[in-house]
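Here the chain labels run A, B and C in written order, and each chain numbers its own residues starting at 1.
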Amino acid sequence: MTPLAAILVRDMRLSVRVGGGALMGVLFFVTVVTLMPFALGPDLVLLKRIGPAILWLAALLASLLALDRLFAADHDDGSLDLILMGRMPLELVVAAKALAHWLTTGLPLIVAAPLIGLLLDLDAPAEGALVLTLIAGTPALTFIGLVGAAIAVTLRRGGLLLAVIVLPLTVPVLIFGVAAANAAVGGTVPFGTPFTVLCALSLASSAVGPFAAAAALRQEME
Amino acid sequence: MRLAAVDLACRRGARDVFAGVSFAVASGEALTIRGRNGAGKSSLLRQVAGLVRIAGGQLTIEGGDPELTIGEQAHYLGHQDALKSSLSVAENLRFWAGFFDAGSTDLEKPLTAVGLGGLADLPAAYLSAGQRRRLSIARLLAVKRPIWLLDEPTSTLDQPAQERLAEFMRSHLTGGGLILVATHGDVGLDGAQELRLDSSFSRSSECGHGGDG
Amino acid sequence: MAIINLANPSRFLALATRTIPWLGGLTLLVFAFAINQAMSAPDDYQQGATVKIMFLHVPGAWLGMLGWLVMTVAALGTLVWRHPLADVVAKAAAPIGAAFTLMCLVTGSLWGRPMWGTYWVWDARLTSMLVLFLLYLGVIAVWRTVEDPSRAARAAAILALVGALDLPIIKFSVDWWNTLHQGSSIFRMGGPTIDPSILIPLLIMALAFTLLFATLLLAATRNEILRRRVRAMRLMQASAAA
């Protein structure tokens, strides 16, 4: 098994074992979406209109909160030391961890989103657009959050600090994700424009994120 | 292969942990690092592993793979066991063997050597502290790396396990490896060089990564 | 006393192993009768054959709530009486209760599609069931967070009790929230009165599902006891290897 495959398999295994966070993200996602109508009222016309925005916001929060333990767990039990001593470039290791994280928390969100969309009376085109934008956009959330998780672990703080430093960075993803989802069901901009930007954001963050995260982790040496 | 330090210094935050530390270890040789709490034993090992920045002096290696850093040719056995409780004994070891790219290693042999042969399928959560430490030691046997950096390796090990560890170390030295071991007690290595870290810098008892210097 | 004897997991295992086939068989018989009755029940003049969804929906709702009741009693057993079986039953009940609640939600949603023209409306009763479902998932998450069941048991028990206190408040709040927003949508499931020609098959169906619930709970409890024995044996294996 290559080092990267080893990391990928281990992280995915850990997330589905006892104490793992794979389903916690989805549960959080569903709960947040369920809470929205209690604040906004049960008016389906309204919920249908802002449904994509609600789902995107919930997906954003869910995928970030699950990032909290991404490096902290490895730091606390000494695994991070050994990972730093591996012969594989840290950037690649970090990217493999991000991929494992996306597969175990981002992907379940995408699967759950259409089901939860039914609660907000989204119709088929809106559901399709939503799933498509989440597929294109959640990798950006993971890779941006990756940097926050790496910074948080070097400061030995997690939770709220992670959310506070990462959420502002995700503003563009939220803007173009919701814009693309809305554009699919009507509106003035064509779907392609915001969707292309969303894809670009994911690609750019997957290129930059691992380098920034690895740089932050190397500061652990201090 | 020869690992040499000249005038090595270590700073943690604003505090000088040690300075002017020199040693040289060649293949087949061992170095025991002694000193009271806070003298910087752990920090020195972590510097060699590449986990703590070198504040002054030089650390060089002759021989070995020129493409690799010292840390990439070393095993580090720290205070923490680097094990995941929810993975089985075999899964833990297989991960590190895979991560350190040991190819298709036979895991049965190192596990049997450390006395965990029958427990391969149990979750690591079920192991005692000594068993966890032995599982960490199995990592050194499963993946070949010439330099062993051992930080208090005998803590939590009972007498038979300590003797077995001494055997592993002796056969590693016979095979041309080199060992740096930080310890308070006797690890069973006769003829090892000794390095005393008793610099006047260390006043505090808190130092290094694991709390114990 | 029989109850005291049952406190012993070994006796419970023996009893459960003997009881499960009979209870399962009885469940099958009652289901056969209930399905027959339900199929021969008349269609609703407004809802047509969709009314038959009620035969799944109503028992689902009732057993979803019963599941939490079982967990609440078991939680008292864990915290107050330290009954050795209590947290085993509590753990076994959570996924079963969640499954019945989900059955209620899914059937309600399928019923709503032809009736309301949408899969979901934020109807007070459906919404309360949705919150109940989320609470169940929370309890299951607690059980899945810690490997040691005795540690998870107390946390889950406290959560079950707090949930039991909060559920009526949730129900009340959701009702109030819903009437506050009534304006656009007044939906009532099942209609104002239920004709005996539907009510009797419905009760038989509810009985069948209750028997199913009991069978599943018994089997899941037995499995959990066995699972814990396996765990104890593996722990012994680890400590024996020293």
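The criterion applied here is as follows: contacts are C-beta pairs under 8 Å (C-beta built on N, C-alpha and C of every residue); 3 or more make two chains touch, one makes a residue touch a chain.
For clarity, every value in this text was computed on a predicted model and none was experimentally measured.
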item	value
Identity of the most central chain, Cα criterion	A
More contacts between chains, A-C or A-B	A-B
Whole-Å gap separating chain B and chain C, where each centre is the average of the chain's CA atoms	53
Chain A and chain B: spacing of chain centres that average the CA atoms, whole Å	37
Between chain A and chain C, centroid-to-centroid distance (C-alpha), Å	33
Residues of chain A engaged with two or more neighbouring chains	18-19
In chain C, residues with contacts to at least two other chains	147
For chain B, residues contacting two or more additional chains	85-86
Touching residues (chain side chain C, partner chain B) in the complex	147, 234-235, 237-239, 241-242
Touching residues (chain side chain A, partner chain B) in the complex	1-3, 5-7, 9-10, 13-14, 17-20, 76-79, 81-88, 220-222
Chain C-touching residues of chain A, taken from the complex the two chains share	18-19, 23-24, 27, 30-31, 34, 37-38, 41-45, 118-121
Contact footprint of chain A on chain B as seen in their complex	46, 49-53, 68, 71-72, 74, 76, 78-87, 91, 94-96, 98-101, 209
Sites on chain C touched by chain A in the complex	109, 118-122, 127, 130-131, 134, 137-138, 141, 144-147, 174, 177-178, 180-181, 184-185
